[in-house]
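Each of the next two complexes has subunit A plus one other chain: subunit B in the first, subunit C in the second.
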Partner chain A sequence: MGGVDENKAPSAGAPAARSQIRAIWRRLLRNRMAVMGGCVVLFFVVVAVFAPLIAPYDPNKPNFMARLKGPMSDHWLGTDTLGRDMLSRIMYGSRYSLLAGIVSVTIAAFVGTLLGLLSGYYGGWVDMTIMRIMDMLLAFPGILLAIAIISVLGRGLFNAMVSVGLYSVPSFARVVRSRVLSLREQEFVEAARAIGDSDGRILFGHILPNIMTPVIIMSTMRLGTTILAAASLSFLGLGAQPPMPEWGAILSGGRDVLRVAPHIAAFPGLAILMTVVGFNLLGDGVRDALDPKLKDK
Partner chain B sequence: MDKPLLEVRNLKTCFYTEDGVVPAIEDVSFSLGKGETIGIVGESGSGKSVTALSVMRLIPYPPGKIECGEIIFKGENLLAKRMDEMRRIRGNDIAMIFQEPMTSLNPVLTVGQQIAEAIQLHQQLGREDARDKAVSMLKSVGIPSPQRRVDDYPHQMSGGMRQRVMIAMALSCNPELLIADEPTTALDVTVQAQILELMMALKDDLGASVMLITHDLGVIAETADRVIVMYAGKVMENAGVKELFRRPAHPYTVGLLGSIPNLDEDRARLQSIDGIVPSPFDMPKGCRFHPRCSLAMDICRNEEPGFVSIADGHDVRCWKYA
Partner chain C sequence: MLRFIGKRILWMIPLLFGVTLMVFLILHLTPGDPAALILGDAADQQTIEMLRHEMGLDRPLPVQYLDFVWKAVRGDLGTSIHSKRPVVSELRSRLPATLELACTALTLAVMIGITVGIVSAVKRYSAFDHAMMLTTLVFASMPSFWLGLILMLVFSVQLGWLPAVGRGGFVHLILPAVTLAATPAALIARLTRSSMLDVVEEDYIRTAHAKGLSEEVVIWRHALKNAMIPIITVIGIQFGGMMGGSVVIESVFAWPGVGKLMVDSILTKNYPVVQGGLLMMAVIVSLINLAVDVTYGLLDPRIRYE
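Moving on to the complex of A and B:
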């Protein structure tokens, strides 16, 4: 349950009503798929946090006596080409993969929300400029854009996070902009102006709190995608570099021995799959719980 | 009479649309003394709200623009003010109450936060003090257990209570002028009376002046000292409230008063004014009311009437009196 809590935390900081939070929480718990997704996410979060304590081996210590071993009692998930324990590597890998997801979504949410706010509120040439740039970014297939950005920034896990974050910016910007467009016509914005509020205060004090819900929903739903994208970049050798046990990188290492030791590619793949599905289920649940149209009166 | 608090002279506000420039209000002049209440009446689209927003300088630009005129508030022309100077005036010296209490409060902020915001903007008060002030404002607008209600979100309140919150917000900085844009239109009749009573009582306490915009002549009769009747963006008649109800001069005013149902008479049908307010794109030549006026003469169709004073403080824009 706490895993769901992890991801609900931003809404506590958001101005959603404190009394409402309990109702949203209840709605979320009633959604079985969301709870399942939440449990999976929680599982990986716990593993990531306690990896050094629970991992049976050093993830980077080779053991040439036990290379390419399949799952067995000493190594539950087998060993890789250098005889490193797969279980330990995947446990440590959850740290990098979750971090990649969180960092890139944070970048995307922050930049995208800011651009969407400015674009929607000021309109005119500001809107025109920002949205045409967003359109240009959207015109690229996501991963291709990320590769292009990495080719400028250079390879590495952090740069992969930045590039995945940047290519997610347009989706946030567009959602936020469309919400701002309808919000800025609302009477309470005029009322805020009538008490002497400045543009900045209206934007960040009145409009921003009103778009936190879609931003939270988008962020949760987007986490799965960004984890997958970051792993893909590592798989292509553009993100995490060996010996870093990032899931995409581990998977990539298993590529050459796919026929001899399929478990090396399979287990990190399974981990990616489970996290992505977990975040997606949770994201759907969060959306349903926060969607005002489904709110019980 | 001493110097008026607010004096509007020849105000003209236009909207620049794709189909051309549309004057929403033209040649609007009136003055409002300290502690006085002026009622602005007219049908939808007659320019009442544009007049109010122009005084606040809240006409969205583009497409709207105040073309000419003067708005003298406490001896200073508001139209010559910079935007940051206007922001200091808004909410502090001139406050506004809107028509829709359901949408004029921010749904994700507590009512306390919203009242406190106005207070903190204009008075040097800390968070705690602003909150205390918000509680006392809620109390003064008659909200029960304000200590608890201050943390309520707008959706936890009824329409009448929200309008009370709006009033609390508007009056929190002791404004000298309160603009109320159809404050009771969205409320049901019993609540309307309470809200009006409350507004007028608080206004008397503060010694504020009120600009009350409404299409409800009953509201005007109960609250206003002076009335201006607007039609198609122009002031048609300007009179003291008693004078207006006793001796309405403009055929439009006569029609408006005639269309109020009277409980003493047993009439099957309500009287109405035929036709609709002309589109600003297609203003009739001459007097703007002539197509709907039963007394229209030839001159009405060709030349626009000016103001005629028919009694002390009673002006009317009609050829009948020229």
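Moving on to the complex of A and C:
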């Protein structure tokens, strides 16, 4: 992965940076699929932010007179086993599911970038130790590592976010390390070293701005995956706990009544699917806009 | 080549040590005393202390770790808190179900993924290509547990064609295997397409065309062999991912595998089983990764010399 601003000293100047951002933005807007993905994401973000204003009912208020109702005029997406309005629960659920994705990716990007920077810059035993730990983490495939971490931290949505974040760390660390390895031999890094800049300044002042492109690309592309993983944990009963209307948890509540009320499992799943498709399309678009060489791969 | 394989096998030793350390720490970092958990709330402090001593929990942590590794090497992963059976026996009775599910799903995913990927690449920008790319995007973004429930609703509840839960004959395997295969098949299809597109632009493919070879021969004999290198890596990663993904799918379909056992064990705080299950899964995945690396080295000589 290479970015448009790579291999340049970070002192390119504000006007140049602004015109670069405009060019990236134009490329992103020209990509119809990315715009579509962005609109879907924006829709769910708006729903999440304004849920208290637009949700027709209290998402946790039971109504035993209206249990397991299918979609109807009073309840557009029906009601659940306790008579709670599904539309309101899904609207509020977007808050938890989007938050789960964003927090997890932030943890992964922060820890992974830091470890990748240290590993690539210092090399030697630091690199060896960090990368071998990453290899060990990768021995626990997919959601299994998140489950292992949950078994230590305990159940709950926040712990699910942390565990999903930590399981994504190796991917970030590896990508950042490989970029740092090529950057540390560049002239602007050698020049910074020659004028006596400290390691901290070189790492965070010179190298970090130049690896932000792959980090942004990975972050956008991983958002969908982390939302899915957090929903999976909630579905298994390890993430969000009742009555929290997180999408995976709502869906899990629909399993036992699949025969009589399939809408309880169907709608939250559809919401997850749409959000993840949105993030994946947007992620592909961001990647193509920031790094046109990768387009169509 | 032998040197490459030897180095890769040697690396397994520290890797497995690290994996055992991580799994060991899970039980010891978990809040609460394992002995108190086993005995329950009614136990007095003296009984808890006696069990702690019996389990060796009063010894220094490094000694406990070495003891854990030594016992694990001999096939002793402790005792299940609830069933009081050896953890190894519990895992052994569940492993065939998980492997059956994962292997069937992998076969499905590889067959569908590679076929769709090749056809999409050959018919680049056609209606089929666009439809397949959209379909694979949807399947790659779909929550597998949701797909499982939808398939269950249609094929078991509505049509009554297939059993909804449990393990039995081949018919029981269809829904969970298709569900587990869906996302990997989509990812393999996308990668096969992109890998094939990379390869067909190479000079030797142009040469093959120029020699007058038929499209089939060029695609199957020349392009696919080289396009397979990244695909094999992804297949390996996907198989590992399936072992992890089986945790979710086994819970959806009440499939009596290791994954369901682990989720049930976390929910009931049966930590020795969680620990044993994690260790077993990690060892299996590490062995799969080893096999993938060796295959990778065999297919592409450049990798051996890196």
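Of note:
The rule we apply is simple: the second predicted complex is superposed on the first by the 275 of 297 C-alpha atoms of A that agree within 3 Å, B and C clash if a C-alpha of one lies under 4 Å from a C-alpha of the other, contacts with A are read in each partner's own complex, and residues count from 1 in each chain.
FYI, a contact is a pair of C-beta atoms (placed from the backbone, for glycine too) under 8 Å apart; a residue touches a chain by one contact, two chains touch by 3 or more.
Just so we're clear, the structure is a prediction, and the values are computed from it rather than from any experiment.
In the superposition on chain A, A:I195 makes contact with subunit B only, while subunit C stays out of contact range.
In the superposition on chain A, contact is made by A:H206 with subunit B only, not with subunit C. In the superposed pair of complexes, A:E187 makes contact with subunit B only, with no contact to subunit C.
In the superposition on chain A, contact of A:A148 is made with subunit C only, not with subunit B. Counting the residues of subunit A that each partner touches, subunit B and subunit C differ, and the larger count belongs to C. When both complexes are aligned on chain A by C-alpha atoms, no subunit A residue touches subunit B in the first and subunit C in the second. Residues 56, 58, 84, 87-92, 95-96, 98-100, 103-109, 117-118, 121-122, 153, 166, 169-170 of subunit B touch subunit A in their complex. The residues of subunit A lying in touch with subunit C in their complex are 132-133, 135-145, 147-148, 150-152, 154, 224, 228, 231-232, 235-238, 248, 251, 254-255, 258-259, 262, 265-266, 269, 272-273, 276-277, 280-281, 296-297. The touching residues of subunit C, counted against subunit A in their complex, run 14-15, 18-19, 22-23, 26, 29-31, 137-138, 140-146, 149-150, 152-153, 157, 194, 197-198, 240-245, 247-248, 251-252, 262-263, 266-267, 271, 274, 278, 281-282, 285-286, 289.
For subunit A in complex with subunit B, the residues that touch the partner chain are 15-17, 20, 186-188, 190-198, 205-206, 209-210, 212.
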